[in-house]
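There are two complexes below, and they share chain A, which is joined by chain B in the first and by chain C in the second.
Right after this comes the complex of A and B.
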């Protein structure tokens, strides 16, 4: 018993400095925690709570508990939900392949010593600093069926038969928005990859060269493993940014034509703040949250396991 | 020292919480001489006009201040829902009069019945009959009319001549014939911007009125009519599809109304289905108003398409008398002359002369005079969720994703599920 008491006392003594540091830090953390809780955590949890209610947004009207009815309606009766879901999934998959791949290729290219390297880095990065709604406005003009650059260019080079209503035809609209997304998203991932490439040990590259490894072998066996932490960050950010895509779609098509470019984040907003069906909006937001966590958490867990190894 | 730090930090946190708590309140100034007005964000000319009106009222009423708060359309609608029935709202709010919008707030008890003020100020004698219909439609007197918008077909006389159209269409068949002649002459018959949905909706609403007649259309739009059971609904959607395929500007679903309107202003499109606010826009965009004609959409019912906008006094406001005083000033001859035609070509005050500096204003005066009642845009008749679905179906018919024969039934299924 005395031994236990001594051990406890010893542990308590060892813990004191940490505990003390926490006490000191706590007051400084409180404002941030309050803001985080108020503006992020509470709305998120409230959206989940609302998904089990029917509520039209009138403060005087008590939300009515409907259990899983909103989810049932969403999955079985909402004519737009599955389109939005499918579009979000396609957006994530394409984002992981195209902008990410292009960003890696650009980063590898611009990591070499060449004339105008910094200028080109800046040029490729600039779209990333534009607000998405600005990008949307620019590309809306580029795709304008009569005055836009794309159709006028096609006419000028004798490909008038290829001109389209790029944002007005459900067959092309989502793809057309995605091209604008590639233009905007590539720069950010490129910068991350460029930063990651600075961490690739030059000695290892040189050693691989001496061992007779060709460029592809050096890339696969040295560069790719060294880029692993950067790749994890790029992939997680890409998944998150893809699932929450909103501004570009709002600015270019508003989800149309006929809801064909609708995505989950925008449909959640539309259900809540345009249709005033806050329960349905909360249900869409909850599905989006679950999909995001389902994609990000396993990937993070898997990649961290790799780190440990 | 540590205690001081902790106290300082806790104080900071407390301040943050206090600020946050302060942010959650809205509207309703505590000052007894302050009126709070909520409106959607206004265009430049309208913003200038309302501010001039407020300045003049404040000048004439010493000590009174008016605080104007403007939000985007969606934000405005949402904010009003959040404050309905509470004391956090404005004293006066601006809203559309249709049953799906203004009517919803009347049902929620947010609008003060102004019968006493109508008696006190003699407002019934002040306003035009057309503008009063939206005020009395829910029983009593809800709101004070602010603008009455008529919508019809603006046409380019030169392009009509070029296509061999000698008289403006007075029947739907003549309108369709005119569109075909324009197309044959290589002219875009009519322009629409599909991304905003409500632009093309004007044609669909008018086609429903044309194909179904006034009574059935009213039952469908505002009553319990069955969209899946009426043959005329299929006919209306079929005509819509035909117009979209044959007569609209190329790529209309990919551009908004402002971009589409450029085709009319530049003389590329011969017709535009717009409202009284368009009179100023065509002039601002360099067109000679003498080259433009206006006809009502020839539905055959004699009713004029359009909608009204009103200022309502919040039932929870403790300053209804002052609010009524402001609205009396705003809709008086003096007030209406200050705002001019910033909102509509014609004033809701029947004593205010038509501004003949733009000849198109006089045309609207005649069209209102000839109209046998009116029918309203469906995005005002329907609930907001129904409107979103109506637009989806409208656009799905246009893109070919939904057959016109299935459109009515699909919309009715949605209505039944609500």
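Right after this comes the complex of A and C.
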């Protein structure tokens, strides 16, 4: 009886008009909204605004309105932009295949009870705790043309002809950076997949076993569907992190040689802070923003589906 | 120590049909093959760490004359001392720690409050606010770096260690709100209602009922945010100038001069710089996994 009374009273409470609830919510919301608006949303929108101006970034100079000129220059005259754009696209696609695929395979393997399982998980996860900028420094040393591991190893096993200036050759530089990225990125996705594997219903696996389903059938019918939400999260995080790639490139090549490893995030930064063209930097940032939103909003729509407001 | 790092997931043994095979008296070839391939992959993954360590204990003569994978002829533990010196370790680590210690708990508190308002108070326009914030968690930081520089300049907070905390908070909050929102949505309404009838204020409900339930998520976010803050480079390099204000990721630059890079001490520095992050990870790893799980399943 008492519970019934409680519930009805509660319901009544929840029917407080929505505008009244806003006053109730404001104190909780204001710090986050102010910080977010001031130091994240505003700078991002301002980058879009700046893309219509020519501005050196120095305070003594006033930004000059140039309309779409920056975009015209970006798309027709700025060869580096297209390299950066292409590299960012390649980076996203490769990231979705290699580190993500390896992480999934490792998670499936390491979900099994075996000797040294925890040690192996540790080995795969540890690279993820290093700062990307330090990973870049480490790997620059590994790729050092004369003293670095890669070339020394190739010499030692008689493949001396394959030695390269890995970061100095436009043909190999981006791939070389990407290998360092694989090394670092696998651990986090692996942990997410391992966590996701815990949601696989054991009873279903057992039932499938009793019905005579083999390992592959059990995997297809039970594990894959259960892993779907985790996979979506891993994919979206991978896309976001790929579009953000900055530290590794800055630390290993700075975008060179001959801009061959340039990516959108770095090109925007370079245009603004090195070339003192905040307008062009803003235009690159805007393109990056649009690309990001195009990839992320479908996910947002999906994840908000089923919310009852 | 290392093995503990990885205990994150104590998973049910879904693919473990070893016992079944053993009963049939056949050796578990699949299991052995799997173990060997995983072992080889793990060795491959360990290799860079091993090379880094070897580099960190070699002097210049060894670096120039012995293969990278060989043991040093003389162990140069002095590299660690000179790394502390060159990288100004105590100052930069102190700066990074100061930022993380203020920023991480504060950011979590702010994000939790906002997530609570969005998930439990459910006011008019809440959904739009949530949408805008959630999108913010996905957009690359670099997009706003140019204008952020101007903003910080206008506020007189450029090259200020404490000033850096503000954009750090702003860039951490959206993702945390996003995750905590999902958590708070899952809290049964009855809990809240009965507390309300007992006369609890909105704040008490937040503080004493809803927040404690989110402990695993908060712990997971704490680890992630600590690691991210400690390792953050793009904003720090844009907004900090003076060397005494540098954070750990900026200090790595100290080892490269126009005459080349001092690889021994640099690698020693890199190892030392990861220690605080490993400690935090070890302390919170148990929760980290529950939280990662919750975050992943929530979607």
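Here is the rule we go by: the second predicted complex is superposed on the first by the 275 of 309 C-alpha atoms of A that agree within 3 Å, B and C clash if a C-alpha of one lies under 4 Å from a C-alpha of the other, contacts with A are read in each partner's own complex, and residues count from 1 in each chain.
Note that in this section contacts are C-beta pairs under 8 Å (C-beta built on N, C-alpha and C of every residue); 3 or more make two chains touch, one makes a residue touch a chain.
Bear in mind that the values here come from a model prediction, so they are computed numbers and not experimental data.
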{"item": "Which superposed partner A:59 touches (first chain B, second chain C, both, neither)", "value": "both"}
{"item": "Partner chain in contact with A:258 - chain B first, chain C second, else both or neither", "value": "first"}
{"item": "Which superposed partner A:92 touches (first chain B, second chain C, both, neither)", "value": "neither"}
{"item": "First (chain B), second (chain C), both or neither touched by A:21", "value": "second"}
{"item": "Chain B versus chain C as contact partner of A:303, first or second or both or neither", "value": "second"}
{"item": "Which superposed partner A:276 touches (first chain B, second chain C, both, neither)", "value": "first"}
{"item": "Contacts of A:200 with chain B and chain C, given as first, second, both or neither", "value": "second"}
{"item": "Contacts of A:35 with chain B and chain C, given as first, second, both or neither", "value": "both"}
{"item": "Contacts of A:125 with chain B and chain C, given as first, second, both or neither", "value": "second"}
{"item": "Greater residue coverage of chain A in the superposed arrangement, chain B or chain C", "value": "C"}
{"item": "On chain A, the residue positions that both chain B and chain C contact, one per complex", "value": "24, 26-28, 31, 35, 38, 57, 59, 140, 273"}
{"item": "Residues of chain A defined as touching chain C within the complex", "value": "6-7, 9-10, 13-14, 18-19, 21-22, 24-29, 31-33, 35-36, 38-44, 46-47, 50, 57, 59, 106, 108-127, 129-134, 137-142, 147-149, 152-153, 156, 183, 186, 191-192, 194-200, 202, 205, 209, 215, 219, 223, 229-230, 232-234, 236, 240, 243-244, 246-247, 250-251, 265-266, 268-269, 272-273, 278, 281-282, 285-286, 288-289, 292-293, 296-297, 300, 302-304, 307, 309"}
{"item": "Touching residues (chain side chain B, partner chain A) in the complex", "value": "2, 5-6, 8-10, 12-13, 16-17, 20, 74-75, 77-78, 81-86, 108-109, 194-197, 249-255, 259, 263, 383-385, 388-389, 392, 395-396, 398-399, 401, 410, 414, 417"}
{"item": "Contacting residues of chain C [partner chain A, same complex]", "value": "2-9, 11-18, 31, 34-35, 37-39, 41-42, 45-46, 48-49, 51-52, 55, 63-64, 67-69, 110-111, 113-114, 116-118, 121-127, 129-136, 138-151, 153, 166-167, 169-171, 173-174, 177, 189-190, 192-194, 196-197, 202, 206, 227, 230-234, 238, 248-249, 252, 255, 261, 263, 266-267, 270, 273-274, 277-278, 281, 289, 292-293, 295-299"}
{"item": "Residue ranges of chain A touching chain B (in the complex, touch as defined)", "value": "23-24, 26-28, 30-31, 34-35, 38, 56-61, 73, 77, 79-80, 140, 143-146, 164-170, 173, 253-254, 256-260, 270-271, 273-277"}
